[in-house]
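Please go over the structures that come below.
Common to both upcoming complexes is chain A, partnered first by chain B, then by chain C.
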Partner chain A sequence: MKIAILSGKGGTGKTTVSNNLAALISEAVLIDCDVEEPNSHIFMVPRITGEEEIQTGYPVVDDDKCIHCRKCADFCHYNAIIAGAAATMPLKDLCHDCGGCRLVCPAGAITYEKKGIGTIYTGKSRFGSDFLYGQLHLGELSGVKIINRLNEMTADRDLVLVDSPPGTSCSTVAALEDSDYAVIVTEPTPFGVSDMKMVVEMLREMEIPFSVVVNKAGLGDKEVYDYCRGENLSISGEIPFDRSVAEAYASGKLAVEISDENRSLYNTLWLNIRKEAEKSHEN
Partner chain B sequence: MKIKEIVVISGKGGTGKTTLTASLVPFLEDAVIADCDVDAPDLHILLNPRSEEEETFSGSAKAVINEDLCTHCNLCIDHCRFGAIDDTPRINPMKCEGCGVCEYICPVDAIALNDVTTGTVFKGMTGYGPMVHARLVPGEETSGKLVSQVRNEAKKRAESDGKRYVLIDGSPGIGCNVISSITGASTVLIVTEPTLSGLHDMKRVLEVAARFSGKVFVIINKYDLSVEMTRRIEKEAEDNNAPVLMKLPFDKKIVQAVTEKKIPSLAEPDLFEMAGWKNLLQRLRDPES
Partner chain C sequence: MNIAFCSTGCELKSELDDRFGRTTYFLIYKTETSEIICIENEARMAKGGAGSQAVQQLIDHNVSVVIAPEVGPQAMDALKRFNITPYNQKGAKTVEEALALWKDEKLPLIEEPGAKGLHKA
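This part shows the complex of A and B:
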């Protein structure tokens, strides 16, 4: 079973929820797919046992062979090749590594080279469970390949928890690949509700069953509950806003470490999520 | 006069970008407002623009296979680098990046690339000036292109209305959305929070900002959650030549203002005043002061 934890709006508590659950469930593998700004390793403090560089390809033009026909530039849908009368210049940052330019080049002047775009770290968390996270290199545009590889590396595992990127763009879609179930972490503010609606739309489109966790409950207002009722969404749990938890988070401590009350809160949350997830797959 | 673009970003999500951007709006006279957080746009909730114009945005194309023509040669499957074509063969639009390779390689012309709507751009008027925002179709890529579109529209509006500033609410992260929103901007404001995550993410986004844009400043939100982390963030910011201009305490009144869809700086002026609001405004108007 693969369960993605996501949110739409940033900072609602994806990492909080996924990491507290990972700390409780020793058989779960946690993967941090928020490769632009990964944070789970701050709480998991993994002992790293493996590192893998993730690469992408980009075209290189052999000037001696290039006949300046400009077919490559005409073909490229990402405007990643500038071709003039005397020079053909690939822009590697815009390249999606589709291989099209090499395919259309009649002179065999294009080859592909590789560059690193990020790293995947594999290890054991300080709770003894398996943990992987990816990190995009600064200045790189897209972490989708890193996310795809994280999913590939954990495809045969029995229970995977995914700390997803915020938003609803291509990185989030990549993180959701092969997820059996999703948990939307939201907060009871107008921003939380608005961003959550986009996630609901996306999950329905992808046909992934899900439920909702309301974090920072007690702050804000009731709009999120009205919305969930109106859309017939089930709420797997509520996590009350607690300043002492926020302060512990600041220094890298998880809620389940600071009190038994929090431990039992997350235990109950996990039981609910598992029940909802199993129920959704019976139908 | 050259238009100044001020972009608010954060690295880590949920630190208060939109709270800060909305708060600046009434105080930065002479600005066009742009929400470039296209896959989680929230600024309009507080500014409530009256819509003037709405247009769909097509940032990419998706391939479609005509199953009547397909001979099942599987060349498209072999050549697709995005794993977007299954054994049917059928194209998964969520994975297709619109590169056109399958259309090119198909020997019987059974594949076509169709433009798809990837977002909507909204232009409108708030009580404080014109605003441009957008909404990505959930699950779409090319959000970086949509960000550029919003920025360009806002800039055009600033030119035609003779405005001095474009104030941009950015997105979390450091990828294409963020790079598209800050490249060439004159001022970047990084809103962070005093947590290990906030510090970790700020370090990364500081470096990206230094690479792609002009003057960088830092604002620490909820600074009293951890005095120790606030100190570490201040040091990191100073070391990176990005002065901390304001420290806002954690106060439920700010959450309350947002919940009531009020602009926090207007609802809670004293909180902002004590946090260094005047200093921030002064530096935004004249970064070298």
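This part shows the complex of A and C:
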């Protein structure tokens, strides 16, 4: 089973939730797919045993062969090639490595070169469980390839927890690939609700069953609860705001490490999530 | 010679647009005949690569000078490669004003790309 943990925007607690669960469930593999800003490794403190560079291709035009027909530029869906009488100019940062321009070029003027866009680190967390995370290089625009590879590398595992990128970008959609279930982490604030709506729509469109976890419960207002009731969304848990947890978090410690109370809170949360997930796949 | 303006409308009196890649229209003025052509910017709604798509349209219309607010780094490289010279529209409100200033050689060249331009996918 693959369970994605996501949120409408960054900082609502999806890392808190996914990492506490990963610390608790030793058979779960945690993958941090928030490759633009991974931070699960701060809490997992993994012993890294493997590193893989992820590359992408981009076109290079041989000016001697190019007959300036502009077919490549007309074809490219990402505006990654500009073509005129004077030159044909690929823009490698915009290229999505689809391979199409080479296919349509009648002159055989296009070849591809590779560049590294990021790295995947594999290891064991300080809790003894398997942990993988990806890191996109600074300045790169798309982490989708790294995320796809993370999914591929864990495809045969029994239980995978995914720390997804926030929002509803292409990266989030990639991270959700093959997820059986999703958990939206939100805060009880009006902002929390408006960011969450888009995520709800995305999950419905992708037909991934999900439930909601309210983080920092007790701090904000009732809007999240009203919204969930109105949309008929189930809430699988609430994590009350707790100053001692926030302080521990700031020094790299997880809630489940600091008290039995928190352990049982996350234990219950996990049982609820698992129950909801199993239920959603029965019917 | 064809000069392109980033414009909010299709007339010489139209106000300039404050975006390059996502400008509403490109108003093209032919210096030889004083004729104007108005093209709706296809890149306006582009998810990414608006700057490059905008440059492609300028190339397709044989533009050699563009009057713009600011140009992103990728588009800047492309303009150079295709010998399109960018001038800064600052000081002008309408296309007409910008054209007059350009004729008097009062518009500065855009030499450095602006920070904007890269829109994440």
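Note that the second predicted complex is superposed on the first by the 283 of 283 C-alpha atoms of A that agree within 3 Å, B and C clash if a C-alpha of one lies under 4 Å from a C-alpha of the other, contacts with A are read in each partner's own complex, and residues count from 1 in each chain.
Rule of thumb we're sticking to: contacts are C-beta pairs under 8 Å (C-beta built on N, C-alpha and C of every residue); 3 or more make two chains touch, one makes a residue touch a chain.
Not measured: the values here are computed from a predicted model.
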(message) Which partner chains sit in contact with A:Ser169 here, chain B, chain C, both or neither? Use first/second/both/neither.
(response) both
(request) Could you tell me if A:Ile67 is touching chain B, chain C, both of them or neither one (first, second, both, neither)? (result) neither
(request) Check the residue A:Ile48 against both partner chains and state whether it touches chain B (first), chain C (second), both, or neither. (result) neither
(request) Please work out whether A:Gly84 is in contact with chain B alone, chain C alone, both, or neither, and reply first, second, both or neither. (result) second
(message) Applying the document's definition of touch, where does A:Leu271 land relative to chain B and chain C: first, second, both, or neither?
(response) neither
(message) On the A-aligned overlay, A:Leu141 touches which partner chain: chain B = first, chain C = second, or both, or neither?
(response) both
(request) Look at the residues of chain A and decide whether chain B or chain C touches more of them. (result) B
(request) Would you sort A:Lys9 into first (chain B), second (chain C), both or neither based on which partner it touches? (result) first
(message) Residues of chain A that sit at the chain B interface in one complex and at the chain C interface in the other, please.
(response) 78, 141-142, 169-170
(request) Would you tell me which residues of chain A are touching chain B in their complex? (result) 8-12, 15, 34, 36-37, 39, 42, 75, 77-78, 96-100, 103-104, 136, 138-143, 148, 165-173, 188-191, 194-195, 198-199, 201-202, 205-206, 219-221, 243, 246-247, 249-252
(message) If we count contacts the way the header does, which residues on chain B are in touch with chain A in the complex?
(response) 10-15, 18, 38-42, 45, 60-61, 79, 81-83, 94, 97-101, 104-105, 135-136, 138-141, 143-144, 171-179, 193-197, 200-201, 204-205, 207-208, 211, 222, 225-226, 228-229, 250, 252, 255, 258-259, 261
(request) Show which residues of chain C lie in contact with chain A when the two form their complex. (result) 43, 46, 48-50, 52-53, 55-56, 59-60, 74, 77-78, 81-83, 118, 120-121
(message) With touch defined as at the start, can you tell me which chain A residues reach chain C in the complex?
(response) 73, 78-80, 82-84, 86-87, 89, 91, 93-94, 141-142, 144, 169-170
